[in-house]
Amino acid sequence: MKKVKRILATALSIAMLLSASACASVDAKSTSTSTSAAAATEPAASAADTTKTASASGPIKIGLTTVLTGDRSLEGEYASNAAKIVQDEVNSSGGVLGRNIEIVIEDALGTDVGAVNAYRKLAADKDIVAIVGSDSSNDNIAISSSVQEAKILTTGQGSSPKLMEIANSNPWLFQLRASDQTLCAALVKYAVEEKGLKTFAIVHDTETASADQARLFTEALATYGITPSVVVPFTSGTKDFSSHIAQIQNADVDGIFAACFHTEAAILLQQLRALDIELPVFGSNAFGDPVTIGLAGDASNNVYSVTAWVPNTTNPKGAAFSAKYTELYGDACAKSAAQIYDHISLICEAIKIAGTTDRQAVRDAMATIDNYQGAITTYDCTTNGDCGRGGLIVQVIDQVPTIVKELYSEKAK
Amino acid sequence: MKDTLTENKPVLTLSKVCKNFGGVVAADNISIEMFGGQTFGLIGPNGAGKTTLLNLITGIYSSDCGQIHLNGKNITKAPTHKRALLGIARTFQHPRLLERCDIQTNIQLGIDLANKRRRKNPQQLQSEITMLLGYAGLKNVNLSDSVEKLSYGQRKMLEIVRSLLSEPAVLLLDEPAAGLNSKEMEYIVALIKVAIEWDIAVLLIEHSMDLVMGICDQITVLNFGHQIASGTPAEIQENQAVIDAYLGGSGHAAC
Amino acid sequence: MIQRLKSLNKPLLLVAAVIAVIGSIFIPSITSSYMLRVLNITMISYLCVLSVYVLLGMCGQNSFAQAGLWGVGSYITANVMMKLGFPTLIAFAASTLGTALFAFVLGFAFFRLRQYYFTFASVGLMAILSGLFMNWKEVTGGAMGISDVPDFSIGGFIANTESSMYFVIIIVCVIVSLLMKVLFKSALGRSFMAIRDNEMAANCLGVNSLLTKSIAFAISGALCGAAGALYANLTGYLSYQSFTYQQSTMYLVMIMLGGTVSPVGAIIGTFIISLLQEWVRPLQNYMQLIYGVGIMILMIVQPEGIIGGGKALYERYVNRKQARSDIKQSL
Amino acid sequence: MNLQLLISGTTMGIVYGLIAMGMVLIFRSVGVMNFAQGEFLMVGGYFCYTFNQILHLPILVSLLLASLLMGVVGVVFMRTSYWPLRKAQTKAIIVSAMGASIALKEGARLTWGAIPVSVDKVIKGTAKIGTATVQWQYLSIIGISVVLMIFVYILLEKSFIGHIMQATAQDQYMASLVGIPVIVSIGLTFALSAIITGIGGGLLAPLFFLSNTMGAASGAKAFAAIVIGGFGSVPGAIVGGLIVGLVESFGGAYISTTYQLVLIYIVLVIVLMFRPQGIFGERIQEKA
């Protein structure tokens, strides 16, 4: 199925590139064909048609904004796959309130304007009961004012403390994720107390989440009276880390705290190990992610990472989902996918409790949910921010993230 | 309306101006004096450095040595737009108009320059425009048409009209008659007459001898950047060096 | 001939304008807040595209730094309102003039560069600005950006809803468009076009290239600054994600698509591209692909832009008509 | 440390130089900057990935096959996004190239997915140079790049095809008058450019990993390299590349890692201010 889709896509793109050379008449044709093809190969495409009128018997619509296209489209691939799984799963088990659910996906484009437009388009559809925001604190903060306006239950995937503040002051926005504050603190605790390391370097992407995590690492270290010997920031898309590594070497430290996304993480690890720097690396969630491990290969061994999710999780619900994902799509199931699974399940749960699809009722129902067992962890939505409880500290051994410590954090207040 | 002052005081003086590109001498110690209300011919075979001299006067090239004075003001170092403001107007061998604008705008551009010195009163301006367009044979073109609609000759006329409207002290015409038919030649002559009427010093680069000999008060002949002769048309026609330059091996005139 | 046709068009245009005005007044009451936001953003982009029109369309200078200037405007507003606590109008003025000044000074440095060297410098400027937007914590709030920028307000009137902001923006757009018309007819505008069509001839007509180009860049800066101020007030959240090189290229695409010959081109281009972005949403995964190919095809079909192409057609039609009438007369 | 920086700076520099060279070839032949060059890098990388990881061919074979395919891509790209607009103003060509680059990015994502992937290294492991360590992959990149550069030089200066290309680059109309089929010659140039850049992509994949957006970053730096080195000059592109690479590594180590990219562009602007034509370029004199 997937292969076919991809081959078709290639054929299409080439066909259209060629058609571009021909005259306008070709334009109409090629566009229309590709549209239909898109609809055929992309179930969600038909779902995006928001012109259907409301009806009690029709499916319950849940919105999902994610980055399908453009620079951050990795997130979207996982999200839309996961959305399909959870949609089928719920519907095959009798749906919610006896009705099927339908997940309407809009593309956040990886820009503020894109995120807001996508969100508002979903919110404008009266049938949509709740919306899952995209996997970026920036996007979630960007939409927060629209959330106030739209008065519809919205779950944010971002993990930054800033988002937590905003969520706590916004009754409609829930941050269904452990705030980095708790997780980063836990990793520092582990490195200092259980590994007994004294001096650290911090290397981080200046992009929002990573910059935040770096700040939190520093703050947590301060509680042990440790100030990082050197802090080395870099911009997203950095390919050559020699100057960064040089600074770390000069500082000569016991351990490295690192915060960035998959590609940068993998490149950083590879270049570190290539220079025979075997220092322990304590990384943000990306460092324990299958994508990073797949890229970095052996270089990812003996890397510690604080994350909420590993594909080989012990949590039965998570394990089942992870297995299903891999079976359907071939790749290992990443955090972004599991997150969508939990968000949608939680929303369905809220709808069940509310017993209606009235937006206000669903929102109130959400606020009553406490220690709900999801695929990633348990959730406590009694306050809007920092709802995901617990996390994991994993060590990568033979390219497999192995849990060395399970965390259950109290809510950050 | 000529006054005696400008009669004996040169408007534009080039003293020992020289320029060379790499080894090639484009202008070698050229000295010229131009008077208001007179036409000054500049002739010579192709590549004699006529256009270069124009570029030196307008400041597109900076001269290697020598000095240029306009109404006693030294403008040797002044940038092109300054010189234009001080009253040096020119046309180009191939007309350079605002290709993507209408004729009105092109004319207006000349008036803008005049306005930068002092505002003109509208009625007088309007009459001037109609008169000049009349002389230029552009009487019945539509001012709101794009210049793309004009013929090559008409463009050249328009360019001259534009420079005249900018009320220059000196008007430099670079081969205005090249590629024009006899009718259009007459327009050129008419326009130059207007310039003289307005007490403008006209510098005329031209290959068409009849035109030059017919209209110029003074003529200078250039060859390979050297000033080989100067004088009245009559003197020039007698001058042996000139005849050699034209008939001898060193290049030949276009006409 | 054309004169007559134009005069024939006059009443039509008037009617069209009236319809447009009435229509635009009623739009907020009939559209969703989603569509309204799209329109607001589109109109803000229109201001930025106008800035490209002034610089490229009128003065013939191509810049890739417009989104950067837009960002400068936004961050000025955010800082003036939040850190210094000034009211909207002052912030708006500060953004407009501040960005204009910024652009003017840079222009004075960059326009010593001829032809496409300026374009290169502008690419550099854009990269430098986006680097600052992302990392200069004190001013731009770093990557996290600045949230909760206050709403637009004058005296008692606070534009805290989408529709009220819609009217604010549309008023600014109309005023700016009229100013564009004035500029186009002014001596300054003519000197821009003189430089565009032939810089040397322009100099010989007393136009100071460096100064004039810098002024053009300053005006485009002012437009971007105004757009930035409105954007900050509208969304209340600024982050580096918005002010990117890609955004600058989008503005270029918009003006090229609409046609660089007149502000109308800017309007058409902006609306086509912005709305296309939203129309292709149902294609989900494929939207950007179609979008990209769409741009290519449009460019190939209308290299002069839609207005340019339209103008050509119109003139051909006029000429045909003229020719026919001439033949008639000759018979 | 400095030796380390020098070596990594140089290697990165050569890489940028390689991409820049591809851009310069196109610029010289059609006088327009190709805004989709970075995408050539990406597509080349993915072709290499397809042969190497999906069809499990040895890396060198994959590189060869990928480069052949890239030749085709180059021609198709020329035919679709340049040729129809060859008579239009250059801005139109730039815009259509931008459209093409979006289309290529998205096409690649739809074909190969958004999850970044990698390919085999030509030579695994690391080598020691004095106190510095460098991955063999870098060294092989330098090796192959140098070979490619020499190849391009010979092709352009010594071969018949090269002369055809140069003639067309100098004056398309004249070239067509003396019976050179312009479309063929331009097509060849695009193909050559795509091949060079594509191979670059294949070689970089194991170091920087493949994603549909990898083109942009490298493209930007290659652009800086061209401007610094001198527009339209092949040696300029390479020297510019080296400068960018060194500024990146040393600037990062001694000035600021946050503003690495900014530093490069500050250098670019400074160079423009004092020598607009770049180091090797010759200034374009405006004709009076």
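Think of it as A, B, C and D in the order they're written, each chain with its own count starting at 1.
We take it that a residue touches a chain if its C-beta (ideal position, glycine included) is under 8 Å from a C-beta of that chain, and two chains touch if they have at least 3 such contacts.
Just so it is clear, the model here is predicted, and its values are computed rather than measured.
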Reference subunit B; chain at largest CA-centroid distance: A
B-C against A-D, pair bridged by the larger set of C-beta contacts: A-D
Inter-chain centre distance, subunit B versus subunit C - centres from mean C-alpha coordinates, in Å: 41
Separation of subunit B from subunit D, taking each centre as the mean of its C-alpha atoms, in whole Å: 50
Inter-centroid spacing, subunit B versus subunit A (mean Cα positions, whole Å): 73
Centroid spacing, where centroids are CA-atom means, of subunit A and subunit D in whole angstrom: 34
Residue numbers of subunit C (touch at least two other chains): 131, 135, 200, 285-286, 288-289, 293-294, 296, 300
Per-residue multi-chain contacts in subunit A, two or more chains: 9, 13, 16-17, 20-21, 69-70, 76, 206, 233, 235
Residues of subunit D engaged with two or more neighbouring chains: 80-81, 84, 96, 100, 103-104, 106-107, 110, 258, 261, 288
Residues of subunit C that touch subunit B when the two form their complex: 1-3, 187, 190-191, 193-194, 196-198, 200-201, 203-209, 261
Interfacial residue positions of subunit C with respect to subunit D in the complex: 56, 62, 109, 112-115, 117, 120-121, 123-125, 127-128, 131-132, 135, 199-200, 245, 249, 252-253, 256-257, 260, 285-286, 288-289, 291-296, 299-300, 303-304
Complex contacts: residues of subunit D adjacent to subunit C: 35, 80-81, 84-85, 88-89, 91-92, 94-96, 98-107, 110, 220, 223-224, 227, 231, 258-259, 261-262, 264-266, 268-269, 272-273, 276, 284, 286, 288
Sites on subunit A touched by subunit D in the complex: 6, 9-10, 13-14, 16-18, 20-21, 69-71, 73-74, 76-77, 206, 232-235, 237-240, 242-244, 246-247, 249-250, 262-263, 266-267, 270, 274-276, 291, 294-295, 297, 331
Residue ranges of subunit C touching subunit A (in the complex, touch as defined): 32-35, 37-38, 41, 131, 134-135, 142-145, 147, 162, 235-239, 241-242, 244, 247, 278, 281-290, 293-294, 296-297, 300-301
